[in-house]
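Same chain, two partners: chain A is paired with chain B first, then with chain C.
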Partner chain A sequence: MSSKPAFKVLGRDTQRQDGVAKVTGREKFASDLSLPNMLHARVLKSPYAHAKVKRIDVSAISDPTVVTLTPDEVPDARFCPRLMSTPEATYKDWTVLTSKPRYVGETIAAVAAESEEAAQRALESLVVEYEEFTAVFDALGSMEPGVEPIHDYIELDEETLKVESNIACHLEIEEGDTEEGFRQADHVVERTYRTNRRYHTQLETKSVLVRPEPNGGVTVWSTTQTLHNTRILLHEIFGIPMGKIRVMKVPIGGSFGSSIQVNPVVPIAVALALKARRPVKLSYTREEDLHDHCSYQMIFKLKLGADREGKLTAGHLDAWLDIGAHQIQAYPLLGCVVGWWVSLYKLPAKSYVGKAVYTNKVPSCAFRGYGNPQITWAVETLMDELAEKVGVDPLDFRFMNYIGEGDLFWGQGPSVKSVIHSCGVEEILTKGAEMSDWYNRPRAETQTGRHRRGWGMGRGYHTSSAGAPVPGTVIDFGGAMLKLNEDGTFDYVSALMDHGGGTLDANAKIIAEELEIPHHKVNIVRADTGTTVYDVCTHASRGIYSGGGAALKVAAQVKQKIREQAGNLLDAYPNALKFRYDQQREQAVVYAEGIEGREITYKELAYTMRNKNLGTIAAVDSYRQPSCPPHFTGYFIEVDVDTWTGKVRPLRVIAGADIGTVINPKLAKGQIHGGLAQGWSMTVNEDTPYDPTSGDLWNRGFISDYKVPTSMDLPSLEAFTVFFADTYEPTGPFGAKGIGEGALNPVAGAVANAIQNALGVRFYELPITKDRILEALKRKEVEA
Partner chain B sequence: MNPINKHNTHIVMPFEYHQPATVRAAVEILRKHPGAKPLAGGTDLVPKMKQRLLEPKHVVNLKKIPELSVVEDRGDAVYIGAAVRLREIEKSETIRRRLPLLSSCVRSIGSVQIRNMGTLGGNVCNASPAADGALGLVALEATVHIAGPGGERQVEAKSFFEGPGLTVLGEDELVTGFTVPVPTEDTGTCFISVGRTALDISTISIAVALTMDGDRVKDAKVVLGSVAPTPIRLADAEKQLKGKTLTEKLVEDTAMKVSESIKPITDIRGTAEYRREASRGMAVEAITKAWREGRTQR
Partner chain C sequence: MKIDVTINGRERSFDVPPNTLLLNLLRERLDLTGSKYGCGIGECGACTLLLDGEPVLGCMTLAVDCDGRTVETIEGLGDGDGLHPIQEAYLEEGAVQCGFCTPGFIMTTKALLEEEPNPSEAEIREYLKGNVCRCTGYVNIVAAVQSAAGKMR
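What follows is the complex of A and B.
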């Protein structure tokens, strides 16, 4: 379908520049770093789910070198640690330390000492008096009258808001006449869904090292997805001029969205370092990290109507987001939940009521997909049920209603709308159906015996960035710098972060493609806020589409400058010059075709320019992408359900992805494998339930009771097929789109539908654990 | 100081480290320092110390005591030293051939990394109701060898456990090894367990040993894990099998008996209802497999 240019660098597997450091364990992450004269910090956590700190007594600390930090010693500014939205969409309810803890584990005070052990001993000498309040652990219960308010007042764009019924924020949207739409429907299904609350289980726990500088500034090495927003936030909290805050790029040991916000460790360590006048390191234990962040638990009441042919006529969604004790990005998420929902299938009329609700639990933040896996699970489950009612195959039902090329799309919320220009949905669904022999899958209710097999499918997408033709409430632009070195190599400098998926290498390949050189000639520089232009954050699957777009923009500018300088030196017209790579000289060559002697390598060009004092060829620019094209994905999954133990096993997985031009096939497939693993676990396993008696996580933060799958739980590589649709995104760098989040979003729907196909039972609550499966089978047996 | 600010530290309290070369010396240290903790693989002890659930002032390393690390085929029984690593047991040809039930119990413990460190003695002394190794020892009617200041004593495996984390062991006593009787040729065995993921502590586990005369059950042992404060033998289920000719119906009835006679609790790994429900199917599978194996081995 596409007329793709032939690529020299893209589409081939290449070795990552950080590969050797990572596989040999020599890469240094924030938690590995140390500085001379450094202090180690530990934090004091609230043992109560809801309380007021009446008094903190530090006098019992016997070690005179210990530095303490209490709530009245930090700036009393309220802030939002996540700065991706415009001020009118940024709700502020955080402080550096709190004297009103709102969940078990919230940080009240901190100490720094010569060793982690000394810090811990000092911490244990603190005496704290609390006044305890009643706590609430359920979003619906939290809105009931008479429930203790979790926040009295919060701030929005310099204004103070009173919080009513523990509702943090809300959003209502209606397009078209929904009532009329449902009247036109021949079939209507309404169901209530409840998702789980998952922990990110990223490899590296949240860590930071801060060095106070003699000029009053700070240098910060931290786990973050955004250098520049870290700097802005520290400026806002501490009032330090931005030029004196230097946030360094440190490799991040996985994140899955948990460092989109500036993690609480960062301002705490900055405050400690400023007070101590010494470098301070704060690195969370795994148990502390489990008390730091998790995904959003959501409750949906979803209603869809379709006519007798199977065309959707209307939809209504009520969504309650359990956001925990603080807002990280609840308001933008309310917009995204409706955006994700209405951009899956064409709904002539739709309405939405979304509420984000405070509870006395660990604050929720984005987790790969930012609400999309949650709502897509509900939609894909309901689509199957509705198809059954209409009497069409669920796959055909999706073909009839999906949003694709030429359609308006607002995945990132109502203020981020754009039109789709590349779509691989048809190819993904057609091929997947063929490979799975979809139309001959088992029928639900027909199987007996201990082991039952089922096929399920689910489809979805994620946006590649949050770009659009006009500004909305979501900030999304980036930038890059590129310069030609004297040996013909290039330095690529950007604030973009690589989460481990190879984003920066992909962008180096985009630059290499443009400049006709091999990928290894583009050096990825570890930079910082002082040496890079603004980039909002590496999130929203924007690393390649948006970050690569910026890289391509500066590469094209550099190429033009090479033409001009080479034209001068070769006495040739710049626009007539051509480029090729000379394998023998290992240099790119700029030449006037057919004219002997009129050629110069990048190296000769750069050296000559140096010797003649002509300057450096370089470009730096910002880039705002015109759209946020969806990268579509689809999964066909076969499962085995053991009706004796309730255990579900994946037998076969067929995954199709439309990511536009594929830059690095192995790494892109790796994203799909990882997406399947997380989605699988989301469906059948993960959750962070609370113990209402202690108010703490039931597992108390111990990873031994937060199970994630290993290779033994997942399909064998032979049983896992990944294919890419043949598409080209006209607004993307060399036709590329994202993949990170789309790889996960439809998995839960596909797995849940497969379980239904095997057992003839539908589940409306995640995770579908072995316990819930046996319970449902027993109920079914009793009812029969 | 509230536990949340202690149990998250990974920082243990200071302790004195002892490394005796003989059992006698180890017992002497335990006697001199009440509350001292023996250290074998450390896969249970060290996390508990880092979680500050235990704060021993003395830790006694047992890994340098040669006699605790022997595996010996003694004809009608196999002797396994308490500090033999789980991975060694798993790889031992003797144990795989002579005690296939124990071998499969041990393979189910943790991951390879855990089994490289952990020991059978540790698995037993930690006294978790979910200990897979303990299940095998109870089903095979092993004898636990205990050394103390007064010399050695022996206890039946099933009487060793007194509750979660509790055993008959005195503070100055030490498990030195296990004598595990080799089942007769006509005995079939089976161990199965279910967890949340492949690498998990069992939500529920079952070990069955059936001594068969054709299809007639001469002797039966049915042991369950994670359904009671200790690994338990189900006398009712065993009684139902003994002396009877096995049929699919009898297996089903016995499995129902298993499910009815356990009183599991709900914890983070699974609900009480789940355990009760799953025990039925697991019992059918384990009894059936042991039956087939006992019959064919004759």
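What follows is the complex of A and C.
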């Protein structure tokens, strides 16, 4: 239980400020924008999974107004499109266009024309000659001797590295004596797991509009999670002074990690716009988008040991990350995979060998949870198996071993360590068990008949930002500006992006809480790189903990300035002044308690200061959060498995989340709803397999063949319960933590355990499709 | 080809190539970008709008097929400053996250509630199944449809 202060603004549902624009169709996303005199771009994508471009002939384009762009016309600098790590952890193997395509769909050339149709026709007139190389589609196969190298050289911190055995990077960690730990174990289980390769299916395809400016600069509107890193990267590639690159904030139609990196469309459109000296728009088709990004497919060999009481003694993890043809954030991910793993349960001794491996597939990038859903699925599956061996209930087994308050936590990798100060795990698991009647669930193997039911649980967490008391290889800080307007409202200006979860509204509410005003008095300004201080990116579920931390910091500074100025005008001691909101006047009032007449509203203060030439009350600052508090989640899920068709249906879902202070209850629940939906289909539906002959995706870029869940596939309203634990994070703004990724991470483990509970069969490969279920049932029958 | 179409209550005439899609006509010629491009091939429902009151996919409809007919897009909903009850319900229930799917959902909802003012949850889910939302898990969307139905009764 926590001792939460009583809030006036936080914890109540409020209407999001961009809401009216969004429900009236007036919101303009990057893909909706256009400019007068704009050209439309199309890109030439490699039909081969691995090849060299020997020649590109543009002479057959009959339309003389078409602008073309080929690999030798773009800067040849190698770069990494994701700039969240320090230089010694940023591997560079990308170029704007390539003459050595390494996956089907890699961009070789681009054209811009008066219409999209004209651009497409020009594209079809390009003549390209390729020399094909053998391609490899499996991470383990890719490391075999004699396999065609995908990259010869890459760059790290100005140094050139030779790539050996297609291993992009690797990381090994050992803490404690693992061998001894396993010797002390009475029970050891080791399993190999293989995850799927999922596509984000963010509803808006990657898009950008670029306007070249007369000063040699560019203005950019793009699908991005980070304005400032977009600017830094464009500066590094094109050498344009940063002040002449303006990256504008536009709402994003879903992202889920797929725009942490600067999307490849951005530098291409910039190069085209600079060459054409006209605005250029490049918006991917869905097929192109499906060939642009996906999640990391992972193979784990996971081994855990426990003593006879059920205490874990040691763990070892081998992880192979299939990263596709380029590195977006493979090295930081190697650190996170081990971080996610060791921060779930206490392991007195642990060792880890992680390898990130190139394959000739679409490059993988972060996808909500950044490897956490993958490893948590494996761990939560194995924890169930090990509990069975030890002879304790899987839930009790988790109670005995989870990492919670007071423990060291390093989810974001070995260089981001901090201590946990708030933890709702007990509450989540206890309530969830009660609500699901956990201890009376059916036992595996006891059911017969066509339909079998099972309950499963899974728990997990995600970080709230990547903060820590000392710097590591992860860059994580943000900032905000806040100013008092003459009517007593405030402008909140930040580079932070809202992916749709209501992050910026939450931060506006944090400001409103501090300044004793209603939420609508804090106006969220859509700004750009020129008018905001640096914010690293909206990722790692940091929007509220870190972005809200920055908002609170400037709000407190503004409040102090209000005190001082009001103190002067009222002839009162600033630190004695109090604040309240006057509903009738619709103004916050600063006053000296008990002294009549000594009060002034924000509006009067701002106007008086204006009229007396005293300036504007404003604050701008950066904020680095001191910690990396996990937000914990737990799912109890009941499924029905049809043993004739293999179809799995969700019957009940009980989800608990510890997110500290809840700021927007409906929207916070919405994160859980979305997390469940994505986790559900991660477990039973989604994958992007490859045709080894053509080297292309089997689904060729169709979302119908990719199977994201529809409204028909998910539990009914009544069957889906979400609750929040009563916690308060002492390092968070008004006690708040993140939610976005923890909402997803444990789902696959819970669903997989429920399927096991229904059928008595364990699955070690995702997704657990109908076919796999039927196959496993058949195998079981044969064995019996 | 010359066509006359009533769009959001206003009669308009166009001269379009026969392969022009209704979605592109709206987005490119009228800057009515509320109808979204999510896939272009009828898979996601982001471009849903009403043609003579029936929900259709703008990306699968030829502009020339709309000659003499009435098109209603998200921009035509509500009256000036006021929101339509469906729009209100979507906001109140937290059914809008990134909002990219929202116009399509709202137009589908309108068609549903005109056909069936009292839909059951199962009917709502069935009717919405052609609209993809990747953010909300459909929970608050279904709740918003129920609430809108209540408001419109």
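Throughout what follows, the second predicted complex is superposed on the first by the 784 of 784 C-alpha atoms of A that agree within 3 Å, B and C clash if a C-alpha of one lies under 4 Å from a C-alpha of the other, contacts with A are read in each partner's own complex, and residues count from 1 in each chain.
Definition applied: a residue touches a chain if its C-beta (ideal position, glycine included) is under 8 Å from a C-beta of that chain, and two chains touch if they have at least 3 such contacts.
Note that the structure is a prediction, hence the values are computed from the model and not measured.
Enquirer: Aligned on chain A, chain B and chain C: do they clash or fit?
Expert: fit
Enquirer: Going by the contact rule set out at the top, does A:Pro251 touch chain B (first), chain C (second), both, or neither?
Expert: Only chain C; A:Pro251 stays clear of chain B.
Enquirer: Of the partners chain B and chain C, which touch A:Lys561 in the superposed model: first, second, both, neither?
Expert: The answer is neither, since A:Lys561 touches no partner chain.
Enquirer: Is A:Thr710 touching anything from chain B or chain C once the two structures are fitted on A? First, second, both or neither.
Expert: In the superposition, A:Thr710 contacts both chain B and chain C.
Enquirer: Would you check which partner chain A:Gln120 touches, where first means chain B only, second means chain C only, and both and neither mean what they say?
Expert: After superposition on chain A, A:Gln120 lies in contact with chain B alone.
Enquirer: Classify the contacts of A:Gly19 with the two partner chains as first (chain B alone), second (chain C alone), both, or neither.
Expert: second
Enquirer: Rounding in steps of 10 degrees, give the angle chain B-chain A-chain C taken between C-alpha centres.
Expert: It works out to roughly 40 degrees.
Enquirer: Touching A:His421, do we find chain B (first), chain C (second), both, or neither?
Expert: After superposition on chain A, A:His421 lies in contact with neither partner.
Enquirer: Considering only the touch criterion stated at the top, classify A:Asn685 as touching first (chain B), second (chain C), both, or neither.
Expert: Touch status of A:Asn685: first partner only.
Enquirer: More residues of chain A are touched by which chain, chain B or chain C?
Expert: Of chain B and chain C, the partner in contact with more residues of chain A is C.
Enquirer: Touching A:Gly500, do we find chain B (first), chain C (second), both, or neither?
Expert: second
Enquirer: Determine, under the contact definition given at the top, whether A:Thr285 touches first (chain B), second (chain C), both, or neither.
Expert: both
Enquirer: After the superposition, what is the least C-alpha distance between chain B and chain C in whole angstrom?
Expert: 5
Enquirer: Jot down the residues of chain A that show up as touching in both complexes, chain B in one and chain C in the other.
Expert: Of chain A, residues 285, 702, 704, 708-710, 712 contact chain B in one complex and chain C in the other.
Enquirer: State the interface residues of chain A toward chain C in the complex, per the touch definition above.
Expert: It comes out as residues 13, 15-16, 18-29, 31-32, 34, 200-205, 251-256, 283, 285-286, 499-502, 664, 666-667, 669-670, 673-678, 702-704, 708-712, 714, 716-717, 720.
Enquirer: Quick one: which bits of chain B touch chain A in the complex? Just the residue numbers, please.
Expert: 1-11, 47, 51, 194-201, 203, 268-271, 273-274, 277-278, 280-282, 284-285
Enquirer: Spell out the part of chain A that touches chain B in their complex, as residue ranges.
Expert: The touching residues are 42, 44-47, 104-105, 116-117, 120, 123-124, 126, 285, 287-288, 291, 450, 642-647, 685, 689, 696, 698-702, 704-705, 707-710, 712-713, 769-771, 774-775, 778.
Enquirer: Touching chain A in the complex: which residues of chain C?
Expert: Where chain C meets chain A, its residues are 27-28, 31-41, 43-44, 46, 73-75, 77-78, 83, 87, 90-94, 96-103, 106, 121, 124-126, 128-143.
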